[in-house]
Amino acid sequence: MKHMPQDTMLTTDITRPDPLLVAQGLTVTFATDQGPLRALDAVDLTLAPGETLAVVGESGSGKSVLSLALMGLLPGTARIEADSLTFEGRDLTAITERDFRALRGTGMSMIFQEPATALNPVRRIGDQIVEAIRLHEDIPVRKARTRAIEALAATGIPAPAERAEAFPHQLSGGMRQRALIAMALVHRPRLLIADEPTTALDVTVQAQILDLIRDLARETGTATLFITHDMGVVAEMADRVAVLYAGRLVETAPSAALFSSPEHPYTVGLLGSMPQMNARGEPMLPIQGTVPDPRVMPPGCHFHPRCPFAAGACLTDRPALRQVRPGQMSACHNAPLIETLGGAT
Amino acid sequence: MTAPLLELRGIRKEFNLARGFFASKRILTALDGIDLAVGQGETLALVGESGCGKSTLGRIVAGLLPATVGTILFDGDQPGRGKARARQIQIVMQDPFGALNPKMSVGELIAEPALLHGLATRRTAPARVAELLRLVGLPEGVAQRYPHALSGGQRQRVAIARALATDPKLIVADEAVSALDVSVQAQIANLLKEIQARTGVSLLFISHGLSLVHHISDRVAVMYLGRIVEEGPAADLFARPRHPYTRALISATPEPVPGAAPDRLALTGEVPSPLALPTGCRFRTRCPHATKLCAEVDPPLTGEGPVRVACHLADSLPTYHVQKPRPAARLQSAIDLYRAAAAAQTAA
Amino acid sequence: MMSDMSMTEVAAGSAGRTWRRMRANPTMLIAVTVLLAVLLFALIGPMISPYDPYETALRMRLKPPSAAHWLGTDSQGRDLATRLMYGARTTLMLGLAGVTFAALVGGTIGLLAAFYSRLDNPLMRLVDVMLSFPSILFGLSLAAMMGPGLDSLILAIGLSIMPGIARISRGAALSVMAQDYIDGGRVIGLPDRTLMSRYLLANAYAPILTYTTLAFGDAVLLAAALGFLGLGLQPPTAELGSIAAEGRSFLFIAPHVSFAASALIFLIVLPVNMLGDALRDAADRRAS
Amino acid sequence: MAGRLAHRLLISLFVLLGVLLVGFLMLQVMPADPAAAIAGAQGTEAEIEAIRRHLGLDKPVMVQFALYLSRVVQGDLGQSIINSASVFEQIIGAAGPTLELMCAAMIWSLPLGLCLGIVAALRRGGMLDRVVMAVSVMGVSIPVFWVGLLLVQFAAKTRAFPIQGRAGPIFTPDGFPHVILPATALGLILLGPVARMTRTTLSEALNADHVRTARAKGAGPVRVVLGHALRTALLPIITLVGLQVGSLMGGAVVTETIFSWPGVGRLAVNAITTGDYPMAQGAILFLATAFILVNVAVDVLSELADPRLRGR
Amino acid sequence: MNDFAVARGSLGMRARKPSRLVPFALTAALAAAPLAVSAEGTVTLGRTLDADRYDPHRSSALAAAEVLQMIGDTLVTLSPDQKTVLPELAASWDVSEDGLTYTFHLKDGVTFCDGKPFTANDVVGTMDRWLKPDAPHVSTWRAGEVDSVTAADDLTVVYKLKVPSSNLLYQMANFNFIMIDPDQAAALGDDFGVTGFNGTGPFCLDSWKPRDEVVLTKHDGYNWGAPELGNAGPAYVDKVIWKIVPEAATLVATIPAGEVDASYTVPKWAIAQFEADPTVQILTPESSYRTSYIGFKTSRPFMDDIRVREAVAHAIDQEAQAEALYFGLAQPTESYFAKNVLDYPADTDTSAFTYDPEKTKELLTEAGFTMGADGIWEKDGQPLKLTYYGFNEALSLDIGQAVQGDLAKVGIALDVENYDSTAIWGKLREETYDLYEMSYPYVSAGDALNLYFNSASIPSPNRMMWNDPETDKLMAAGNAAITPEDRAAAFEELTRHVHEAVLWKPTVEETPIVIAGPRLEAFVPAGLSGAVFDSGLNLKLK
């Protein structure tokens, strides 16, 4: 289906007229043995400088593909199409690989889910940060090393000079994630993409890392694209939230709005299935069924097979992302939910 | 509580990590003096962060690992071994991808324990399989399929059906929902509770996620570095946690309400290596309240009343009341709407 | 019960899949074609050939290829093509027997070592000792020790291939042992032998089979090398390595004897290795 | 690390003892009767008996093994039955040429295999990849002796290289041409496996998270491939090369025979076929020891290359 | 003289016009390979095998003989036709009437390589060492039944026998009789002939790198060679290098290239090509006797029946072997030894040895065999299935297969087993086979007969297990004969007797062929021992 941008005019935040990142109709298709596989389907996103946007989605929602697509790190089997994809006004689909490389690490940086594997296991932490520095700045190794230790210190790593000499396996998971954060922020990028950075960590360490990311981003004025599946983390981190389901953006809203009045059934289900939203001893509210196989996506609304409200057009027509209230958009034929369905039940 | 179904006394588990003749002996104490009981039809949750020993304990209960020291009583007796134990205790594991033999169809997987224990014959097996599949909410047709053709949630349902096939009295659910998508976790948690309600099976629910534990368990045991640091009824423990670690754990769990976690009891550092345990209280290196006594004396798990706690300062620390944030009204009505529609759909 | 039908379904499905995959992959197609051709040559050839592989005709020796003798004659004046048919048959049989022996013994050792951790150390030390002999030296010593003959040759080939298979089997079995379903089987009370067959072997056999396929190539090469070094089967038994060795004496006047035999060995080993590679690639793809 | 190394060496020692015993027993049951061999075609009974006594072959097998072991422990590998030369000296004399040959084989095949593997990994699924993999599978499928014989014929026709023997150390102008053909034949054994292993491990490494991190930092392709992916991929390659030394030794046996290279492989084959017990045992012991030591060295090298293995 | 422990490929053959041309001349192609050419004054000789040691008392290998012949001398030697005994270290000798005492008068002025004079005591020391009881020394039968060897004075040796030995002087030309330095032998022990050899030959042992090369340097002042054999000394060349080139095919390339100056171990297929190459010389000895045969083990079932032996003999086609396997470079034969050797009776009946497969069938039928269903003759339910031992070496493997093929054609199954040249001697002493393949050199009928047919030589080298009083009696008579006539009579009688018994199937006679490169002056190779370069005195560069 042809994407129609006029329906989805982004009116997110008029106080920030120059968005840092704009993606419109971002579509990513992988060539596989079984034919093309659409991992992202016409996704629209904007991100203002300094803002934290949380992208929420379960496995198969395409959230990691989104982050890699923005970083230009997708493998060769992936094809990216977009009506528009710009970073600080530069068209990322037209940029040369060399220019993109110069942008990575300086303009935009990324931290990953598995700190255990995201660091090169055979090189010292300090050396890896020094490399990150010297890739973009022509300064002597000694100076770079001092900078690297400062960056480590800024993440709250105790004894940073010693840690710089350590190999990744000699550090705990939390320390490794700190080192990765230090490496990602060493050039004070305008955008930090954090792809499930705390999923592999224990909850007490997660709390530390979340605080760290928030503080550092605030301090450096870095915008954050925070990818997670945990609504609790979203509530804690995000200014604005985008909910992905099966490759499509189903809802986007300021954090407060999303948690007080979600307008897409999937978002409701996601929040409702959290234990905190259920009374103790009562059965929890599950979302029935499972995420669809990306090779056999259902027609119409991708969520309709699992949606308790699905009827009529949901089964045949793709719902467009439309504004429900200022700053909040939902791709649901029934939005706003309570107004549309409240009387029916 | 009547006589417990399962009783653990002084369980200790050591692993020798040393390999070879010259390597010095490296003993890792994974569990140290665990006393615990699970009542008939009860759900006991074991919570703690990675490396605390909760899974090791689960495996010892299931008979997959021997305890180095300690007594296990099942129905007041020594539990059986091999086939006998299988009739008493089953386990559902975390990884729904690795827990099912990929070379066997779902039907074979579920029939296997029933056939092995003489609970079904070749002739009656299909019926038994169908019954178990119904019990876990899977269509009968799934029996012909192989695990790789199922989704994670479906696989976990198959694993549960297989565990139920021997009619056990206790099921160890070892992080049984952790690997699933959030939207599916609730399905499986519901299923376990439903089965418990129907069959009266006891659950040893092992998890690192506090919210879910809070929701589904009757009693909770919080573990830290091979020890139980606090244990008691879930409602009490979550409302007024007494051990600093329990408190930190609860406060570190993000709540789905923006701006709800301002007074976080942040813990510094990370769990120490179990190969180099701190002296005295194991938690003292990260405890904001640690005193000299904590460094010298290892606090025992004690307490009058339902809650037991292993902390010198348990009585002197100010009470910590956990205030569960309330969801916004509009969200609550959206959820209610959803629940009603879902219920209507299921009914139809 | 339900397994009968589902198994046939799966079998049919996988055969169809295999064929589709093969058609999509020209290397596979070439490999299978060459292998079939060699097999036809070795198995059907002897029935069609007008020549006796053992009847000597000294005065006809070392003749170059001609209309009567497509590949010429060997050092005893026998039809080389016919000799090669029988030789290929012998060599294939040697490789197959050696590798079967190795797979049975090595596979068992590997599985036992992985399953019973207390057997791991002693069994693997034994395998280490065997691995410390470069395989040709091992084969050489064994063939020399037991005297020339079919049994000793198969044993020599089998024993020198075996440690590799034992290691691979152990590795494959260990990674299966790390899977939860082994404990899943244990916890429902399955006896060890069921665990080892239905759980461990059923899931570990694929990499073992892949390696064994590649080891078959090695076995054939080893058999040929032993034959070449004069420790193979005794004349007049046709065996490709010894045909190559016989021809080597006359390399400069009748290179066709050595080269045809060597080339045939190559044509046996190459498609087998290609298939092994394809199997391995497929496994790699599945894993990733 | 020192403890681990000591442990590794001790295990190797056990393995060696096993090798020694197997080698000894193996040769005990060989059909060759050295006394009869020495006596030759017209050796009479009395002469053969005298020779047998002289060689100590009339003693019980276990006594012979014990004597042998005690001598080995003292560093004495005994004397050749056939020509009473010191086994140790003969092996040391032959070890040089074998080492030369193996080094010469590795010097071209290792870098080439590595390059081919890198190219294949970077162009995985492409035409170049297929060509490289085809070459590599052919390399492992071809009988070494055929390569040898083809090279002999090639050299005989083109008159390009000497085809026989060794004319002094290979780094001398006289010696070098002689090693070209045998090193070519032998190196081919290594080429395929190295290219294949490089391709596999490098492809894996290229998909590794830390390589993605490096790319996210803005590292260019050369740095990503050589500095990050290859550096972690090197480990299994080193291990493979260690194990391949075994096949290289096997190949050396055939290659040395075809090209008359005076190395240990030929020495071993000659000794086995001539029933020269001490020489055969010595040669086997030497080859096995060398193989074990190479793999201990590979272990150490791996530990140096991979900090994860250190201090474990 | 006797068969040497040497692989068959190294044996020479008679140079004859080849019956057919080898199709593709490769030698020219090989010629340009950039090999190192020998230095001025140095002759490089190529061979495929090295010797175990260079000790005339502990080696029976041809490879040892060919070096020892250059670095040592015997008391006497033989003329090129091998019929006349010539002086070497002994200037002259007397034989007593009863044939029991030989008195040798040594040449004066003979010295060892280290400068020490050679005296009668050295002869005594040499013989004492060789014949010392229980020492691991070989071929002692050649010395006859020695009573004593003593030095009458510095230059006179008295050699006393217990029984006459009509062949003694011929045997004394053999390399086992090479005179050593007994003091050195005692000092070196097991290392004698390995780390050093102090001899009186025209060359001195300089160095030996086992399985690589032996370097010999000229023995200055040497002048005691036999003039009848050409140069009496000193040697023309300064240095002789014996180079091991294990691959015979490789050796082919080295000769035209000049890396190797001469060799006789080139493979037979290459000879025809060399004939077409003007730069290469093909040299053959005046006389040299070597016969190949298939031996029958008469102690075995089936083979104890002379009709079976004869049947087998008729089934083997020696002409095809000579033509195809030897490339026409050997002559088919029907007798155990060449018809022109000393004491061979012209009237020997050799009709049992002709190729006549029809006769095989007759004889087997006569012996009570019937043709079995599988095409194999059988008797009393036992199939006529025989075992054959051969050498694990190219030509021998071919012979084995040819014999097998021939026997298969007449319905006799043959199990061929091949052993390496060192393993086979042990195997041949066992009672596990029926036929074996061998070739052996000899100088006379008496030499050959003594070697093989005496019952005292059972089981080795009398591998036929021929235990026959008549043979022993005639042998003793021949050996004890004082006059040539008596000796001839006895040996001729014995020759006829053993031929009648059909103990072997003789196949071919061959003469060694020396291939010499362009640098070497032509010379007449020696026939004796198969050590074609003999003392090396005749090697001369152009």
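Note that the chains are named A, B, C, D and E in the order they appear, and that numbering of residues resets to 1 at the start of each chain.
Criterion: contacts are C-beta pairs under 8 Å (C-beta built on N, C-alpha and C of every residue); 3 or more make two chains touch, one makes a residue touch a chain.
Model, not experiment: these values are computed from the prediction.
Trainee: Could you let me know which interface, A-B or C-E, is made of more C-beta pairs in contact?
Mentor: A-B
Trainee: Please flag the chain sitting at the greatest distance from chain B, going by CA centroids.
Mentor: Relative to chain B, the chain whose C-alpha centre sits farthest away is E.
Trainee: Please tell me the distance, in whole Å, between the geometric centres of chain C and chain E computed from their C-alpha atoms.
Mentor: Taking the average C-alpha coordinate of chain C and of chain E, the gap between them is 45 Å.
Trainee: List the centre-to-centre spacing of chain A and chain B in whole Å, with centres computed as mean CA coordinates.
Mentor: One centre to the other, that is 31 Å.
Trainee: Roughly how far is chain B from chain C, centre to centre by C-alpha average, rounded to an integer in Å?
Mentor: Using C-alpha averages as centres, the distance is 50 Å.
Trainee: Let me have the rounded angstrom distance from the C-alpha centre of chain D over to the C-alpha centre of chain E, please.
Mentor: Spacing between the chain centres: roughly 39 Å.
Trainee: Two or more other chains in contact with one residue: find those residues in chain C.
Mentor: Those would be 230, 248, 251-252.
Trainee: For chain D, give me the residues that contact two or more of the other chains.
Mentor: Each of 11, 30-32, 152, 156, 257, 273 in chain D touches at least two other chains.
Trainee: What residues of chain A sit close enough to touch chain D in their complex?
Mentor: These residues of chain A touch chain D: 68, 71, 73, 101-106, 109-110, 112, 114, 117-123, 131-132, 135-136, 167, 169-170, 180, 183-184.
Trainee: Write out the stretch or stretches of chain B touching chain C in their complex.
Mentor: It comes out as residues 59, 62-64, 82-87, 89-91, 93-95, 98-105, 107-108, 111-113, 116-117, 122, 125-126, 129, 143-144, 146, 159, 162, 165-166.
Trainee: Using the touch definition up top, name the residues of chain E that touch chain D in the complex.
Mentor: Residues of chain E touching chain D: 2-5, 26, 29-36, 50-53, 58-61, 134-141, 190-191, 194, 209-212, 244-247, 249-251, 253-254, 392, 419-420, 422-423, 425-429, 438, 440, 451, 457, 459-461.
Trainee: For chain D, which residues are in contact with chain A within the complex?
Mentor: Spelled out, the residues of chain D in touch with chain A are 208-210, 212-220, 223, 227-228, 231-232, 305-308.
Trainee: Spell out the residues on chain C that touch chain E in their complex, using ranges where they run on.
Mentor: 54-56, 58-59, 61, 64, 75-77, 148, 230, 234-236, 246, 248-253
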